[in-house]
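Report on one structure; see the data block that follows.
Labels A, B, C and D are assigned to the chains in the order they are written; within every chain, residues are numbered from 1.
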Amino acid sequence: MDGFSFSTEVKVRFAETDAQGIAHHAAVVVFLEVARVAHLERYAGGYQAIRDRGIEALTTEVSLRYHRAAYFDERLTIWARCTDVRGARFRYEYRAMRGGELVAEGHTSHAVVDRSTHRPTRVPQWLAEAVAMAESAVEP
Amino acid sequence: MDGFSFSTEVKVRFAETDAQGIAHHAAVVVFLEVARVAHLERYAGGYQAIRDRGIEALTTEVSLRYHRAAYFDERLTIWARCTDVRGARFRYEYRAMRGGELVAEGHTSHAVVDRSTHRPTRVPQWLAEAVAMAESAVEP
Amino acid sequence: MDGFSFSTEVKVRFAETDAQGIAHHAAVVVFLEVARVAHLERYAGGYQAIRDRGIEALTTEVSLRYHRAAYFDERLTIWARCTDVRGARFRYEYRAMRGGELVAEGHTSHAVVDRSTHRPTRVPQWLAEAVAMAESAVEP
Amino acid sequence: MDGFSFSTEVKVRFAETDAQGIAHHAAVVVFLEVARVAHLERYAGGYQAIRDRGIEALTTEVSLRYHRAAYFDERLTIWARCTDVRGARFRYEYRAMRGGELVAEGHTSHAVVDRSTHRPTRVPQWLAEAVAMAESAVEP
């Protein structure tokens, strides 16, 4: 995928469909999270590792455009990349594909907070570096 | 409802329907929880009050029979009662009705644990009494 | 709420919380849908009525900014308004409030399609008028 | 797994956790469905194939005992077997394992109905045979 070097796969569960016979739009928000968690696992030791170090990443923004409906049991490829790490914030971009078709695209923003106080805290150096390394691996 | 003195209402959300055009069976499990939380709020100061006292109620069993499908936007009445409090455990029974029709019935079991250690602990006296009082209010 | 004349209430369910101890961000997407459905019920005879007339409203865009975390059992007021009806598309805007505090704000876009073919179709006149009437009722 | 010949894997999603820090009990109901769908895919051409032949399988019963909490990002193995096919009904049994530990066990019952009328209809011969073949493959 142009500009993306990481993806994960999800299969639309029956519980995720709705009475329109398609994957409910809120299910796709969860698919983005699945991809983000898998990306962090690959490049930053996992989201649980982040939590274990005493920080949480709150979701501060979700934005999604749905181009095609996805159906029960379809396999979707969710491409994800971390596009910005700045201060206490980072941002991910996504594309959800079914084969060569664009199902949805969007981004999420996150704020890093102290796990106990929920106060904003800088993205730790090790996390910023891990993410930078991930994205530098993207083929030009 | 025969043998029940407490109920709460839910409306089937579109997100809770599935491609069969009905409320997904896992959604009904959540409806039971909504009724249980409302029951605890009425009779025991609320589930949050329970958590604030340092205990959690883990769900150890869910059993549900589905008699009729429920559809989008239908209003269901979820009847709930606490039928047994013993040691570190308590049990709820439920009926989900649409008007006079039985949609589903079932029960859940719960174990009271210390919130920090997740070790079993006796159902506190105040909670046992609150629940007993609730059920003694049932019309014969 | 400034510029909004319609709202509905939701209570954060335990099933909607996550391991951060807050309402999961995807749950708020569902809250918007609850408000949209309630708005259509008030002003356009209900979403089911729309479906019964052979059309579906697909969600084509979701955009949400989260300003504050919402917690278990909190009551949120979801303000909703239909801000644009054009051709086969309409758009809703939302604010999710906890008392006087802004929890989240956002918008969704929708495409009206024929229910059997899923092909785009103009927003029916009766629906456009119903929505226009709804918003003309907003206090200046 | 003793008596089971089929399993599928799920990973606990963050969206599936709750404020107790564990996988919400309703999420496990969905895990059973994921395993059932995968089992039908392996042995009966897939649930979608079943739907394409004009029948639906409604869930009429869910029963689950939770033995251990499952946590975010844990990989669970969901064992599933079809244990009974009779008339218009069939039944599945499940065990959810984390490594060698039993997380949950339970069963679901299903009624086969005509997809358009939702009236009960016999489990088709091809489906009954497929399922019987699946279970005869179990190692003694």
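General observations
In the analysis below, a residue touches a chain if its C-beta (ideal position, glycine included) is under 8 Å from a C-beta of that chain, and two chains touch if they have at least 3 such contacts.
Since this is a predicted model, take the numbers as computed values, not measurements.
Looking at A-C and A-B, the interface holding more C-beta pairs in contact is that of A-C.
Seen from the Cα centre of chain D, the chain whose own Cα centre is farthest off is C. Mean C-alpha positions place chain A and chain D at a centre distance of 28 Å. Remark: chain A and chain C have CA centroids separated by 24 Å (rounded to whole angstrom). A separation of 34 Å divides the Cα centre of chain A from that of chain B. Contact of a single residue of chain C with at least two other chains is seen at positions 14-15, 22, 26, 30, 33, 72. The residues of chain D lying in touch with chain A in their complex are 13-15, 30, 33-34, 37, 41, 46-48, 72-73. Those residues of chain D whose C-beta lies close enough to touch chain C in the complex are 14-15, 17-19, 21-22, 24, 26, 71-72. Put simply, chain C touches chain A in their complex at residues 20, 22, 25-26, 29-30, 33, 56, 58-66, 69, 118.
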